[in-house]
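Step one of this worksheet: look at the structure below.
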Amino acid sequence: MKLFEYEAKKIFAKYGIPIPKGEIATTPAEAREVAAKLNVPVMVKAQILVAGRGKAGGILFADTPKEAELAAEKLLGVEIKGVRVPSVLVEERITAKNELYFGITVDRALRCYVAVASSEGGMEIEEVATRMPEKVVKVFINPIYGFQPYHARQVAGRIGYAGKQMLSLASTFFKVYKLATDYDVELAEMNPLIEKTNQEFAAADTRLIIDDNAFYRHREFENRVTEEETKLTPQEREAQKRGLAYVKLDGNIGIVGNGAGLVMATLDTIQLYGGNPANFLDVGGGASAEKMSASLKIVLSDTRVNAVFINVLGGITRCDEIAKGVLEVRKQVGFAKPIVIRLVGTNEEEGRHILTEAGIHVLSSMEEAAEKVVEMAKAGGSNGYGYIR
Amino acid sequence: MKLFEYEAKKIFAKYGIPIPKGEIATTPAEAREVAAKLNVPVMVKAQILVAGRGKAGGILFADTPKEAELAAEKLLGVEIKGVRVPSVLVEERITAKNELYFGITVDRALRCYVAVASSEGGMEIEEVATRMPEKVVKVFINPIYGFQPYHARQVAGRIGYAGKQMLSLASTFFKVYKLATDYDVELAEMNPLIEKTNQEFAAADTRLIIDDNAFYRHREFENRVTEEETKLTPQEREAQKRGLAYVKLDGNIGIVGNGAGLVMATLDTIQLYGGNPANFLDVGGGASAEKMSASLKIVLSDTRVNAVFINVLGGITRCDEIAKGVLEVRKQVGFAKPIVIRLVGTNEEEGRHILTEAGIHVLSSMEEAAEKVVEMAKAGGSNGYGYIR
Amino acid sequence: MDMGIFVDKQTRAIVQAITGEQGSFHTRLMLDYGTKIVAGVTPGKGGTKVHDVPVYDTVKEAAEKHNANASIIFVPAPFAAEAAFEAMEANLKTIVMITEHIPIKDAIRVMAKAKQLGTIVIGPNTPGIIVPGECKLGIMPAHVFERGIVGIASRSGTLTYEIAAGITVADLGQSTCIGLGGDPIIGLSFVETLKQFGKNDQTKAVALIGEIGGNLEELAAAFIATEGYEKPVVAYVAGRTAPPGKRMGHAGAIVMGRTGTARSKIEAFSKAGVQVAEMPSEVAKILSQRLMKEKYI
Amino acid sequence: MDMGIFVDKQTRAIVQAITGEQGSFHTRLMLDYGTKIVAGVTPGKGGTKVHDVPVYDTVKEAAEKHNANASIIFVPAPFAAEAAFEAMEANLKTIVMITEHIPIKDAIRVMAKAKQLGTIVIGPNTPGIIVPGECKLGIMPAHVFERGIVGIASRSGTLTYEIAAGITVADLGQSTCIGLGGDPIIGLSFVETLKQFGKNDQTKAVALIGEIGGNLEELAAAFIATEGYEKPVVAYVAGRTAPPGKRMGHAGAIVMGRTGTARSKIEAFSKAGVQVAEMPSEVAKILSQRLMKEKYI
């Protein structure tokens, strides 16, 4: 789960990491008040979770409370990179002598956390790594002994600081590591970490991504998840409620399959045949008829969808359960859109039998089925042409 | 630092470890109130830090509040094993089906923590280890991976429990380990840990010894240390204030030396010659004249002392500083008791010179000096006979 | 001759959380397949039996009494890492972690200890491992596999069965099919598996089934190119259409910034001379062609 | 031929917390003795010098630039364990921890890592180690030591100088004098030190200076008895008069319940055939007699 900048900053501050003064505002008037209280030139920053916010115009400068109000007015309610701005962070503007980078993330190949630092902050660290690899310092963290204060000092030294500044940077790095461990992060990042003109440092922008699987250790985020739900599409909300992996995509072919890899491969195959998937939906392993029918209903409820592809290879999943789930949906809501079913594997015979008895045709080849559904979607998915009525 | 039973139990309870209901009382009336509130047969337990309290009559039974009052009256203010009882713990009496033992302590030879358990609790674990070694289960704790819940289950199984009782015991063991780590303990012990007639468990008596060197991580004990001070002798209090290692002993020869080992050896040598040391006092490494004079004053202020032995071998410690410290004491308070000085090592010449100039005789041999001081103490330490006037 | 890698007929496995729904169900299926499930563990249930398999409170006891050398873990995520530690301490040298949703922090610690002890960890979030006809330590449907000559390593579940079924139908069969796991932190990499397949006589070709996220595929490509891997390798990479920043079902299937795209992986394989199938069904076809060319079939 | 054990003329040491009062003072004394103090470390003081010794911010830098292989730590107790970790990670293989008052929990972790890496940790709460005429890595007064044939291992400081001085006066001298440290958790035991002295040609006899607390003396006695240790060993044990439950200056010098008494240690030594001196001055006397009998002097 990604946290908003202002949420992340609260946590950074809790660990004693210096951040600019500032407050969140959800209306232009509030933004004006915050700016007046701060009584210095400010930045007004859209609180959205997409990367590249700055370049997309999501960060505005304001020298007076009035300007802050206008800036907030510009940002609030506007969509940036397709995301509505729900609030802005109004924050003191700090003059940067240098912009640095520091982050803790996961190195999947080495199976450990890694601390990444650079004297070149302010842009994405991958970009620095591509353009100036010599400017990126990486310290792989021993999972047993952790990131120690002396590692932090080594890193601070390697990005060019000495004396008191080295100690102060190291102390900040170590606090970020502490935070990262305590909060089970996938990413904890200060970018830019600003060196101010008075030689001190401040985390001007921060990012935190929490490992969703560790929520049971961080109950405080449960409400956060509930809040987030209000921003989901009806399909996403329903899938989340039922514990289904669902990702909204841009196309018009609804997909239900079992197994993340198989569903991804299904999407890819659809695209190879010239189609556009509307979603990723993994019904999961060993799905019951009920889970199958819930999944299918989610996909059917998406108004963009004009054809549906059910792709199931039964392993732990039983084809008869899948078939029953499909029939249940037909009974409950009917099929307003054409559906292509590919069904093989465990209890394949029973499953086919159930469906063919009910007048539904079943295919065996994933590729054949994919081709078919693309054809249907292209034809506008008119019910008359549908593979299944 | 040893915690009182009632202090330890508060901490055990904080970790969810079941303990008997009870409260502390400092007057018989309070004890009566607590017993009345508990409204069950109780135990009245003297809160002192010496071992073997039970056998020494420090634990009394009471069936009524009145009896509890009488029991408290018997215990409060009385000395048990030489220690005044400052308070009593009035606690529900639990019928034990079995008495078990569990503790976490340090294995010095293997350099790790060790979990020790036994189905034979209620007596000192060393006694069990001597009499029924097969009844003692020891699990040495890997310093890197710690004591895991499955270790706790292994231990619970090995002392003879299965099913739900095994799980419940294991959960308690694991909590004690957690407590032990969090609190930097040298010893965390439940003895007896009672198996009740309803199959549940309760830590009927608990002991906690905290590593003094880890106090900087446990500021909550600072007040505790201050409180303790009121119970110290004037010499102990003064030594503690000045950071000197001082231990009160039973004899009449005051000792000041540099280095713990050397002072211990000095005590031993004194005893070999038939004398009785009044104290252990290590002036520390590289002691200044001021520290030396403070130490000597502490020893001289002990009314039991009738002769003093200063034994210094200068390494980092400089003999001239020691000599200056001695003279300073003579100037300030005079020598009311005979003092024998043995002084060798760094700046020996200067030190001897300072003292002999001042009319004080200095010896070189530790054994000769020890023999001399024993002789003096035996003579009653009359000033006239003193080695140094 | 070893039929496959990591497990065989001699493998003596215990099941951790054998009394749970999943554990009990798959114990039966594994027993049916002929796998030597010698004991089970569920704390507090020691002394009972599941499908005639004796249950113990601790892995230590189970492993010692039954001379076990492997474990398959169905323990729920919050306790799964601890279960793996228990298995490693009991000296079990191959551990299959079926459990999904294990926190990254926990998985990292498990893998660090495994590395220290030389324990093979398969998963987490894996369907397990199967050496057809010898041993199935996992939850995969047995019927799609057939003893044969293709070594399969995959980050996926059902997609693997899809491709394995194709390979079975093409009469190639599998020497071993191993699910590396769908999580970001997993015990085995493609490279490590390739090395094992390289040493295994039964394996004449290797199929790698990758997906978006991480760089295990890129590392495998680099390994194949620099080491001059001798056996034919065919790859499939799922997730060409996945948008960045979204988890596609698996915790590990996510494009982060510019890293972990299907494109990067496919390009890396192609550059290393590894043929990449466009569709799952092509994997078996390409393998057949390659193996015919190399005169294995 | 090695003159002593653990350190020698080739030892290249760094001083951790070199800019502190103790660190700076003893750096000068060690340099005066001829010890190769090649660098110092104090975070934030990198680039300065102490007695002409260059100071660095990290051990890594100091060790790499000066090819160091040992460290002596004067870092305050709350940071001393971390300092030891830093030294171990920088591959320094002999570490002397002068620092007193290190929490037991920290010391346990240090020793676990040292064991893993094969690092020799002397201390904590030790005066250090001296191989007379070769290397002094410690805070002991140099003048009481003389190159010679007795290996000394001790849990004490000043008492060691007392006994060493006696051995010097008796014209036996020391091959190495090592302070194991006065804490409950220390890096070296009497047994480990005995083994090293056993292999060291220069050492013709060993003096063990023990004290109350723990059972290192008992273990040494058992080792001598069961292994048939070939060199003459003389012991002294301080604390016969110490009451139970009281720390006698050293954190480790405490009789707990029935364990760790001087009596138990003395009996164990006697049973193992190790002569135990009643007074410090007797150690040199007994050594002289034994060595004369064995014709070493």
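Note that the chains are named A, B, C and D in the order they appear, and that numbering of residues resets to 1 at the start of each chain.
Everything below uses one rule, namely that a residue touches a chain if its C-beta (ideal position, glycine included) is under 8 Å from a C-beta of that chain, and two chains touch if they have at least 3 such contacts.
What you see is a predicted model, and the numbers here were worked out from it, not measured in a lab.
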item: Distance in touch steps, counted as few as possible, from subunit A out to subunit D; value: 1
item: Chain whose average C-alpha position is farthest from subunit C's own; value: B
item: Of B-D and B-C, pair with higher C-beta contact tally; value: B-D
item: Centre-of-Cα separation between subunit B and subunit A, whole angstrom; value: 57
item: Centroid distance [mean C-alpha coordinates] between subunit D and subunit C, Å; value: 51
item: Centre-to-centre distance between subunit D and subunit B (centres being mean Cα positions), rounded to whole Å; value: 27
item: Interface hub residues of subunit B, defined as touching at least two other chains; value: 144
item: Where subunit D touches two or more other chains at once, by residue number; value: 113
item: Touching residues (chain side subunit C, partner subunit B) in the complex; value: 43-47, 57-61, 79, 82-83, 85-86, 89, 113
item: Parts of subunit B lying in touch with subunit D, wherever the complex brings them together; value: 51, 106, 108-109, 111-113, 124, 126, 142-144, 181, 184, 186, 211-214, 216-217, 245, 247, 249, 257-265, 267-272, 277, 280, 282, 285, 313-317, 344-346, 365-367
item: Subunit B partner contacts - residues on subunit D that touch it in the complex; value: 77-78, 101-105, 107-109, 111-113, 115, 127, 139-141, 143-144, 154-162, 165, 182, 184-185, 189, 209, 211-216, 219, 236, 238-243, 245-253, 257-259, 262, 278-281
item: Subunit C-facing residues of subunit B, complex; value: 145, 148-150, 153-154, 157, 162-164, 166-167, 170
